[in-house]
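What follows is a structure written as structure tokens; I'll ask about it next.
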């Protein structure tokens, strides 16, 4: 059984210390979550979330490129009409269309991957979420119920305020 | 109250459009040879305005210019709405608008497909892509703010905000994903924006009509778009600043920076205009010189010189002289630029079409009340959309920006 | 199948400017044949009159030593027509007999083709056409009435081409030169206009097209028009 506890920090540096101590205590990145009302930049290596977004976006773009080229090739051969002396499949005039649809692929992939990577829509509703006070950083730890006290101790010793168990909001 | 007035003007324009669909597109003033008139002018104009968001949001985001932060959402909103309005004009100018869906590739029993070689099809794909992209670009950074609004909202707004917030909790995973997505989107939307206005330019440049078939059109239009978009942004920001009392967020130095950018774009615009006209004049090709003469000294010369005056002289004086540069003069210069850039689109489209290669085809164009009504209505619609947006959502991005003490000007 | 031409046709026209008197019988005939709408004074003043063929007049010299040159201008059925690639819905395309075909049912009315035609021979239907009674009774049943919102232009009387081909096939013979007369070539009193198959080396239009007097309008644009104007070189 997991319980959740939170502690609030007033500055990024203290939070970093706490995270390092928790990591030394055996807690992994999946057990830790930082909540804030604006993005917090931790130094490299503290709480890294690996991301494949760039790769995904490039792949999405390439996929859409292949799709649109085949589609245009198919339609221009299906409906074989010569216009103005241009060939049946003219790559360069239709190249603009290819470019735009490729970028559309990149856009849609960015948005879709963002939804996926942020975990927004697949969030487990049973996991409690702390309310975030402005200008503070809230650290939430997931731990086994029996280890609750040791986690709380690490938090307090690192300098957190309001160390408390997090209940699911009703 | 203001919203009601704007809504009424927009509704009048819509009614004019309905009249046009019912009676026939002949109620517009267009005629042979000027097959494209005010509707295309408005189309290019509004798509140009939409480059406001791209410039401020994307370019300044990519260059890490932090002064952009209070201004980004206002700019992105302009982009989204200007695109929606501009994207309507290809429909308005169609002869048989009820068949507009033939421009989209869909399987049908007649086995017909659209002609992707046509620049108008490039328009369809480019504007669809850009609209999708800018809506997403506008929406993404709104998520944290909307989540915050949802905490205190009631009634239908609560439902709206909750749905839009997608369950945002503010965790670091979400923030990292958001920032990564924004960075990628900034680059993508910039690439798309450049292509979109190039494609709109190519509607004209791919044609062999005199003074249209010019290689400078694509970059010329992109520069002009950023120019007019910036002007639109300055005007919108000044209005927001006063009506929503955002003096501590939108500071004089923001307007100074935007004004300097506007001046830069004005010089760039002048450079392109001069290069284009010098080349035509020096080449002395008779068909092109007809159009050139009409623009510079003939029947279109009043519009031409007004355009040069408000696009270059006024910004140069008001914004170039540091003592004269302030929020008010920046707004005056911007209004001038908006007028000037609209005239520029008019001067690109109408003179060339009125003087085709064979002089037997020459003809004079004057817009009808239908076209003018619809043009005016789009300005009202833009203002109305913007007003509604700023009432529902914070126009200054809350999570990106902290207010400062009011600076002395 | 009977003796049909195995090679496709390539329709062309030759207009002898030294014979043309500028009488505009061709214009009137085209109106009658193709159900062209007749404009009232107000529409004509607005530049909305429709003349698929028009006679351009060029004046040289000062009064009283003025010379007028007449040139009937119609759709040149260009082989590399600038109007064709720009239509987003393929309402205008090149068929295999060399005709620049305008498909009224497909046109959505973007009017890009009209802008791109360097000869200004394309016309747009701004409204649904109206004929005062009883003029609608004289419509040619072989030609469709175009509704408002659709582009139109000279078709080289494609209805006559089709009818002649049908007649020839029904009679089991090949098409002969002279079987097809467009309305304008048929009505010219000076016999200045000739229509025929450019792929037939013996046809009158082919011979005229190879004449030393043959020129093309706006030839330097590379549109490859199929109307040849014959005039004495100056």
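A few points about this structure:
Order of writing sets the labels: A, B and C. Residues in every chain begin at 1.
Just so it is clear, contacts are C-beta pairs under 8 Å (C-beta built on N, C-alpha and C of every residue); 3 or more make two chains touch, one makes a residue touch a chain.
Just so we're clear, the structure is a prediction, and the values are computed from it rather than from any experiment.
Two chain pairs, A-B and A-C, are compared here, and A-B has more C-beta pairs in contact (counted per touch definition above). In terms of the distance between Cα centroids, chain C is separated most widely from A.
Taking the mean of the C-alpha atoms as each chain's centre, chain B and chain C sit 41 Å apart. Chain A and chain B have CA centres that are 32 Å apart.
Note: centroid distance chain A to chain C, computed from Cα atoms, is 64 Å.
Among all residues of chain C, those that touch two or more other chains are 82, 85-87, 90. Residues of chain A in contact with two or more other chains: 79, 81, 83-84, 86, 93. In chain B, the positions touching at least two other chains are 112-115, 117, 119, 121. Those residues of chain B lying in contact with chain C across their complex are 23-26, 29-33, 35-36, 90, 93-97, 99-100, 102-103, 112-115, 117-121, 124, 203, 206-209, 353, 356-358, 360-361, 363-364.
Interface residues of chain B, counted against chain A in their complex, comprise 105, 111-117, 119, 121-122, 125-126, 128-129, 132-133, 136, 140, 144, 148, 166-181, 184-185, 188-189, 191-192, 195, 199, 202, 399-400. For chain A in complex with chain B, the residues that touch the partner chain are 33-40, 42, 47, 49, 51, 53-54, 57, 71-72, 75-76, 78-79, 81, 83-84, 86, 90, 93-94, 96-97, 99-101, 103-104, 106-108, 110-111, 113-115, 117-121, 123, 129, 132. Contact residues on chain C toward chain A in their complex (touch as defined above): 79-87, 90, 92-94, 224. Note for the complex: chain A touches chain C at residues 79, 81-86, 93.
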